Amino acid sequence: MKNYIIRRLLIMIPILIGVSFVVFFIIHLAPGSPVDLMISPTMTPESRAALEHNLGLDAPLYRQYFTWLGNVIRGNLGYSFTSYRPVAEVIAERIPATFLLMGSAFVAGLLIAIPLGVASSLKPHSLFDYGATFLAFFGVSAPNFFLGLGLIFIFCIKLRWFPSSGMFTLGGGGGVLDAARHMVLPGAVLTINISGRFIRYIRSSMLDILHQDYLRTAAAKGVPFFSRISIHAFRNALLPLITLAGLEIPTLLSGAVVTEQIFAWPGIGRLTMDSILLRDYPVLMGLNMMSAMMVLLASLITDILYGIADPRIKYR
Amino acid sequence: MVQVSYGQSGAGRIWRRFRNHKLAVMGLAVIIMLVFCALFAPFIAPHEPTKIGKEFESPPSGQYLLGTDQVGRDVLSRLIFAARISLSVGIGATAIATLWGILLGLEAGYFGGITDMFIMRIADVFMSFPMLILIMVVSSIVGSGLSRIIFIMGVLGWPQVARLVRGNVLSIKEMDYTKSAVTLGFTTQRILFLHILPNTISPILVQATFGVARAIIMESALSFLGLGVNPPAASWGNMLTDAQSLTTLTERPWLWLPPGIMILLSVLAFNFVGDGLRDALDPKSIE
Amino acid sequence: MAQPLVELKNLKIHYPVRGGVFFRIKNHVKAVDGVSLSIYPNETLGLVGESGCGKSTIGRGIMRLEQISAGQIYFEGQDISRYSRRQMRPLWKKMQMVFQDPYSSLNPRKTVGNALAEILRVHHIVPDRGIPGEIERIMNLIGLSPDLKRRFPHEFSGGQRQRINIAKALTMRPRLLICDEAISALDVSIQAQILTLFTELRSRLGLTYLFIAHGLGAVKYMSDRIAVMYLGKIVELAPAQGIFADPRHPYTQALLSAYPDPNPRNRGGKKIVLTGQVPNPADPPPGCGFHTRCPFAGNICSSETPDLKNDGGHFTACHFRIHPSDWFEVKQ
């Protein structure tokens, strides 16, 4: 197990370097320069060249990459082209908002999906099951920008229950309650998406398990229905759910980008969009490295949890 | 999931099982309708999709069944033409990703060792960035446009297929029939493509169907963000972009509801068909 | 004696065992550890031993489905132990293998006819228009009605599937047929039918067999000579009657005792029961591999590896001369 974790962590290094290499060259090989977006028409060619030099954009591409990589190894992600602040700082201040959104959607998604998934597996092909299946597919298939617009239309414009954008009311007192009210709609969009996937997975893994002999044995022994389902069946159905949860992280992150865009949620999704539009290369690189790292760590933690949950799995 | 089917499933039996999945049959009907719209768009659409008319933002009427947009183009016609975009992105990107994935997955699984290491580590690299963000970066910088989007999504989408194929190949490779094919002196090409691939095609097909759904969503999200198919070409995603203004949202629902519903409907259709195929192709499932 | 069809000289097939953070090679599983053996034209050699003793590895080694760690394999006099797949292809027409599991050894998506036709077409064994006739001939040969050629594997029983496997091998018109536990997965009544088929084919086609099995029962019926393996080495090699009438290695004696005598009058005798486990082939004991389970083992057994000594065409690898009756004296 220890060897396994060490090896996985070591493998992450070349993968992260690979990711950085691919993204770096894609970004920098693009025609045009970020300087184009910064200069004013009155700027002289000399001052433009000076600006490029200051940003390090005049060096050959491979040298730019190794400079960047060298800095990253020393813990320096560089400085934003637009705000001139350290990239790490720019990203760090956006992380809590996104994690709050993703985390609550994740938990809410599970809370909705577990009862629905289990219930529909108990009576497959019943009316309830069809309903849950349809709901699940709706959640998976609805594009979150359309879902977002729909929710804004109903809950902000028609019912006026929740605010449609931002994290705090402008000029308001702020506070936890205010943020929570702002989070309801973007959170709901992500929750609908996630719970759709979870429902399908819980249902199918429960269905697999409900046919196992040990459940029939438990029934024959006289184990009551509820503990048969909750202790004997659901515990074992949790396993595939853990893997799925880990695999959902990248999807969730992509979903957050679009959702944050619609609801003006000040997280890393919006930061990504802004840095794409402004061609803020250092921030983009930082964001990509961060999300790659998150994805890799999530999959490692998933595999470890999987091993803890299933005593049969041995890591070499 | 690794599925190795022992039984040859005739097309008739698969269709019979597929028919039991009511939602999948409905999905198939929607897909057929979409394909029809895409193929015959110029004949079905009442107006030119890019022609700027005199009436701006007019509500649905006899002349414009779904009204007109901000610059006076017929919404219904744009909706019909956009089916071309969504289907070509969905099918094109998935086809590229699936072909690459099959090739690399077969190689990695069959040859193992260094080849496997190399291919799968590259797959890890591709799978470690959130796809949408990467595509956004690429298309904002390399430039957007239909063929570029298809290409980028196709190139980035292969690892999922490759993993699936590799897993199946690993188990089929250990089957005695593969070993027997080796000792019967068949070339590696023949073994890979005529013996192993046909036995792993069903899960690939299912995954590809879900892949089309994912690609359609992704294209519409990109176009919605202004990084995909750009106006004046019509895409369901970019038709929704302008709906972000409060007035459109409240007063002109014909501008944002139809494209949104079309995306939802087509993605649902592909997902249902994928689900139906999975049940129908599963050798374990009962009739 | 005639030139052997197959000759193994001190053959070793070792698998690396990896471990640790970097998957370094830590050790080797010595699946086959110094085996010398000849198979002569038209004979049937039985190869017997418990699972994990390396007998199947030898079969796959001759087919070159395994990397050879050391030693040589000669086929028709040429050293094939370093041959690549490309070099092996022409030789695979002369040696074929029937695999153990009749269920996983047929491609589920190919009809019998298509599977056979593919082989005939790829290797140009008969002219293309002769293919249907050849398929019919082969199916008759192995006792399946040619009417069944449009059927898929899952429509056949285990015994029928094994017949199809034999048909595939015979399509190549081989000289040597390696049967890797080809009947052990079948019902006993079916086993007899397939064995009869093998014997018939031998006389009709002049085949040479390497017949691999885990019990002596299966090989007794058709073997000319029998080799007994334990832990990657041959411990006894003799003509079949020699093995059954005068087993000389204590391991062979134990194996033979486990084989039920079909004659009820001979039943009721004492059985030799081996205790303990087969040692880990990655970490075999020093000296004779069998000494950890042998009641007769002396000091020499754990220090010196016994050679395979010839005594009138009966080869035994044991430091002592043990008689089957000795077993019961030791116990008392």
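Letters A, B and C name the chains as they come in the text, with residue numbers starting at 1 for each one.
Just so it is clear, a contact is a pair of C-beta atoms (placed from the backbone, for glycine too) under 8 Å apart; a residue touches a chain by one contact, two chains touch by 3 or more.
Bear in mind the structure is a predicted one, so any value in this text is a computation, not a measurement.
Comparing per-chain C-alpha centres with the mean over every protein C-alpha atom, the closest match is chain B. Taking the mean Cα position of each chain as its centre, A sits at the greatest distance from chain C.
The distance from the centre of chain A to the centre of chain B, each centre being the mean of the chain's C-alpha atoms, comes to 22 Å. Work out the mean CA point of chain B and of chain C, and you get 51 Å between them. Centre-to-centre separation of chain A and chain C, using mean CA positions: 56 Å. Those residues of chain B that touch chain A in the complex are listed here as 23, 121-122, 124-125, 127-134, 136-138, 140-142, 213, 217, 220-221, 224-225, 227, 237, 240, 243-244, 246, 249-250, 253, 256, 260, 263-264, 267-268, 271-272, 275. Across the complex, chain B meets chain C through its residues 5-8, 175-177, 179-186, 188, 190, 194-195, 198-199. Contact residues on chain C toward chain B in their complex (touch as defined above): 63, 65, 85, 88-90, 92-93, 96-97, 99-101, 103-109, 118-119, 122-123, 152-154, 165, 168, 172. Interface residues of chain A facing chain B in the complex, by the touch rule stated above, are 11, 14-16, 18-19, 22-23, 26-27, 30, 133-134, 137-138, 140-146, 149-150, 152-153, 157, 250-251, 253-254, 257-258, 261-262, 272-273, 276-277, 279, 284, 287-288, 291-292, 295-296.
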